[in-house]
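As structure tokens, here come the structures.
Next come two complexes, and both contain chain A; in the first it sits with chain B, in the second with chain C.
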Partner chain A sequence: MSIGDSGKETSVRFRGGGFAPRPKRWASWLAFAVIISAWQIASMSGALPALFLPSPYEIALALQAIAADGTLARHLGASLGRIAWGWSLGTLAGLAVGISMGIWSLARSVGIPIVSALFPIPKIALLPLLILWFGIGEPSKVATILLGVFFPTVISAYSAVDNVPRNLIRMGQSFDMPYAQIVRKIVLPGAMPGILAGFRISSSIALILLVAAEMIGAEFGIGAFILSAGNLMQTDQLLAGVVLLSMLGLLISALLARLERRVLKWR
Partner chain B sequence: MDLIVEGVSHRYGEVQALDDINLRVADGETLALIGPSGCGKSTLLSIMGGILAPSEGRVAAEGAAPDGCLNPFTYIFQDFALLPWRTVAGNVGLPLEHHRFDGDGRARRIAEALSLTGLGEFADAYPKQLSGGMRQRVGIARAIAVRPALLLLDEPLSALDAQTRELLMEDLIRIWARERTTSVYVTHNLNEAVRLADRVAVLSRRPGRIKEIVSVPVPLDERTERRHADLIETIREQLWRLIVDEAKDADRELESVA
Partner chain C sequence: MLSSFKGRLVATAFGAALAAAALAQPAQAAEKVVVCALTFVSSSPLFIAADKGYYAEEGLEAEFKFFRAAQPVAVGIASGDCDFGVTAFTGGFFNLAGKGALKVIGAQSREEPGFDFVGFLASNQAYEAGLKSVEDLPGHSFGMTQVGSSFHYNIGLMADKFGWPDDAVALKPLQSVPNMIGAIKSGQVDSIALPAHIVAGLTGSGSAKLIGWVHDYTPWQLGGLFTSAKNVSERRPVVEAFVRAYQHAARDYHEAFNKLENGKRVFGSEAEALVPIIEKYTKAKPDAIYAGSPFIDPDGRLKVDQIYQQVAWMKKKGLVDESVDPKSFLDLSFISGHYGVPAN
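Coming up: the complex of A and B.
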């Protein structure tokens, strides 16, 4: 760095700063407001044909209408039931298998090749088979979601167990803690961050499979509602269903964020 | 309790880490293990406490463990090994939870260990809230709470800054004066060795052998007194001469690219 004349004092130029993005709340809301207003204005000016892309106001009206006549509750209720059952059962089974694979060599040796072979199958491809097994009713849809949730949960659970610092396990052993207590007090809490991160992935997979399964064969459910609205060219109702899915996804991620804050408050 | 190490050798695959180590640590004594990096001092410590099986030889204990001892061979770790999701009291209580106590025996032991290490007011804090020195005090409190017969310290102060290290050395001296626990202290820091140990075992490098055992004939609480300064410095010089050449070799060694 070149310094001016000897004896002359110059202040040091600041060169740090930047590269530390911080969320600005007002900017997020403003961006939403700008996009929705631009859309509304474009619709009202006739630039966007209402049949192909209804205005935000029309979508809101459609939402209000289906909420008022009970359609919303019927479809949403069916979807929530399926996703709750499918996700919970898939998560329970996935955690049991994944944690076993994290702890026992035998479970790992048996599990890894099987999981690797079955994980890449898009689970919706199995729906026809599941319908043959369980019939067209609820169990086949729940089973699709269950399978879709199971495999990523297995993988996140066993790699979370793998990532528990070995020095903590050695510490437990050095104090002669019984095996079961090391698992319960060191391995499981240590794996929680990884397991909860896995919940985010498995819940978004569950949402995708829910809609896909409902579009293939269901009378009620948000997926079925969107499909039938599309068949009838009711694009306002179709988009109302899409908005519902977005809100459902946001709700799930808010619940998970809350769970993380509670369980991982030590971080 | 005395600790006896008989003919211990250890190999990691092709590498001979320890070769025929014979040692006796007397009851109430503090033995420091020093040596250049890669001399197997941490390996020896793991073997002494039974968390690593030696390739050859054996480790034995002689004499009774103290009253109420729950875990005769107890480690204090360089990286503290605290559970981040447990409070200070929860971490100190962890090794007590699989033992039965009468009444509030467990809570009393935790409180006692915390007050001995000056952690009383931090009982409900989480490790991430504490400074490095305080974290290691939790590690020390956890070790004291089980009333060990032998304390195995694996470079306990290496992760701390120099000032904190001084403070913790004083804490350790105070605790040893009270508990009289037999201790083995692994370090690469000669100042810690001449300050804390009754005897210093110098290990050579690869294979680790005992090169010399040096006594420090000054009581622990007088080590910082001016009248002993020359003697302490002479011993420190002697230890440095014993390891300097091998420390140079260790410094210049390339890792094999396997």
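Coming up: the complex of A and C.
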């Protein structure tokens, strides 16, 4: 009930609600199904020649072939190892630097210009240098991913710490909480949403850099597989490799969603 | 909708063709062809034909498009951007050709006994440790540009000749020749294979050691002259004219660069006359042109059996799809006298 212009009581319908998008699982699956079947039909009818784009069925066959002869496991194993090392080391270093920059003035004054200067460098351009420093073995591949992950993590951690509400910190101080406790119980949990959002970006970057990292001297790995399929004009295998990368992306995103639910329970 | 649009397009094209034919009546305008190649010495007949006016003699107007890698040349033919191309045969080339877009009609260079072309190099460290000849390669790493490249096939031929097991030589794809040179100099790979003029530079400066030439062990048909399947079926006279111009230039090249005396190469005044032409297109120094000039068949004849052999090897390694049949992409009707043509 409310008072209208005329001063009379009128009933107004409830205007709240909406603006709260919820994932509808069936809709995402349906969209995938529609796109893939349209593609398959276009290929089968001849509107889409195999020379220019292989059909989803051919891509599935290519995937099945490498799964059957065991090379898929070797490619996945090699790539997951590189991503795990590169991403974890890059994330650890990035968090340490980013959080220090969020907390301490000196770290911030030194860090911001350096990060701004180094972040935009394409890591692929540094590949020859990384090879000179680390050789053509695993370390140069891990270093490529590490560098790619480090900078976005620094920036997300630093701005997440920066965005922790000051009044919460002031409240902690007025209750005479020790410095270390403020950092551990207020700053870090408050920065978690921003840091986890940064993880989503850095994990995607790690996947993107996989192809670059495996350009040099890699016999196995999804990136090496995609590159060699491209060199051999085996477009069905090329797209099979791309599908593998997207599936890895989906898997990592699902893992991160789980982590978010656990870590951000306090919200 | 689409069909009416297509109809209009056909009508327009037909009208344009009529107009062009009408215009062409009096002076027989030259037929335009786009020639795609790498600026390598192995593409020399293309450059000689242009410089000496052999294309014009055949009523062709050739426009060059240059690429930095073999694959884009083949892709350019398949997409219709190029009419003719010459490059080395690679796994990617065969896969593309197997889809029906390309026809191989003649030869580019080949590994011929007596003609140093691609040589195996060992890093100084590996050489000291005992890698003195090609036969010592098992147990060592081998750097190459890409999987399925001609360098990859070189080591494969060697493995087949000596019966090495599959994983005896660790293959390291390094994407580019500069990366290969960097890796052999720093000893990050034990061995590589490179064309003769680069071999000369690296051994001359003491950066690497030569351990054998490919032609001493496994001669093979390195590359070919190819055109689109569409040109073969729809512009046959143009293809024939182009082949004649190419052969004319290949014979000039043969006179100049293919001479052996007592097993050694000799270059006479004919070579001196051609070097400036090749220099103009490849931007290579005369020394590098002499050192890097491969054997090119004077009539563009292919060693057909060696192409079958290469496709079979690529299939065995999973680099070329099982469905690819050399018979379907070879058109041997433009040049007579090809070698090793299978009976059926």
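Going forward, the second predicted complex is superposed on the first by the 238 of 267 C-alpha atoms of A that agree within 3 Å, B and C clash if a C-alpha of one lies under 4 Å from a C-alpha of the other, contacts with A are read in each partner's own complex, and residues count from 1 in each chain.
Here is the rule we use: a residue touches a chain if its C-beta (ideal position, glycine included) is under 8 Å from a C-beta of that chain, and two chains touch if they have at least 3 such contacts.
As the structure is a computational prediction, the values presented were derived from the model and not from experiment.
Chemist: Look at where chain B and chain C land on chain A after superposing the complexes, then choose clash or fit.
Modeler: Result for chain B and chain C: fit.
Chemist: Can A:Ile136 be said to touch chain B (first), chain C (second), both, or neither?
Modeler: Only chain C is touched by A:Ile136; chain B is not.
Chemist: With both complexes superposed on chain A, which partner does A:Ala218 reach: first (chain B), second (chain C), both or neither?
Modeler: Only chain C; A:Ala218 stays clear of chain B.
Chemist: When the two structures are overlaid on chain A, which partner does A:Arg170 contact: first (chain B), second (chain C), both, or neither?
Modeler: After superposing on A, A:Arg170 lies in contact with chain B but is clear of chain C.
Chemist: Kindly classify A:Trp266 by the partners it touches after superposition: chain B alone (first), chain C alone (second), both, or neither?
Modeler: A:Trp266 contacts chain B only, not chain C.
Chemist: Return first, second, both or neither, reflecting whether A:Ser88 touches chain B, chain C, both chains, or no partner chain.
Modeler: In the superposition, A:Ser88 contacts neither chain B nor chain C.
Chemist: After the superposition on A, what does A:Leu227 contact: first (chain B), second (chain C), both or neither?
Modeler: After superposition on chain A, A:Leu227 lies in contact with chain C alone.
Chemist: Pick one for A:Ser253: touches chain B only (first), chain C only (second), both, or neither.
Modeler: neither
Chemist: Working from the superposed arrangement, determine the closest approach of chain B to chain C, counting only CA atoms, in whole Å.
Modeler: Comparing every C-alpha of chain B with every C-alpha of chain C, the smallest gap is 51 Å.
Chemist: Can you list the residues on chain A that touch chain B in the complex?
Modeler: Residues in contact with chain B: 167-168, 170-178, 181, 185-186, 189-190, 192, 264, 266-267.
Chemist: Where on chain C is chain A touching in the complex?
Modeler: Chain C residues touching chain A: 71, 74-75, 78, 90-93, 95-96, 99-101, 143, 146-149, 170-175, 179, 182-183, 186, 188-189, 319-321.
Chemist: What does chain B use to touch chain A in their complex?
Modeler: 49, 51, 71, 73-75, 77, 79, 81, 83-86, 94-95, 97-98, 126, 128, 146
Chemist: Contact residues on chain A for chain C in the complex?
Modeler: It is residues 50-51, 128, 131-132, 135-136, 215-219, 224, 227-228, 231-234 of chain A that touch chain C.
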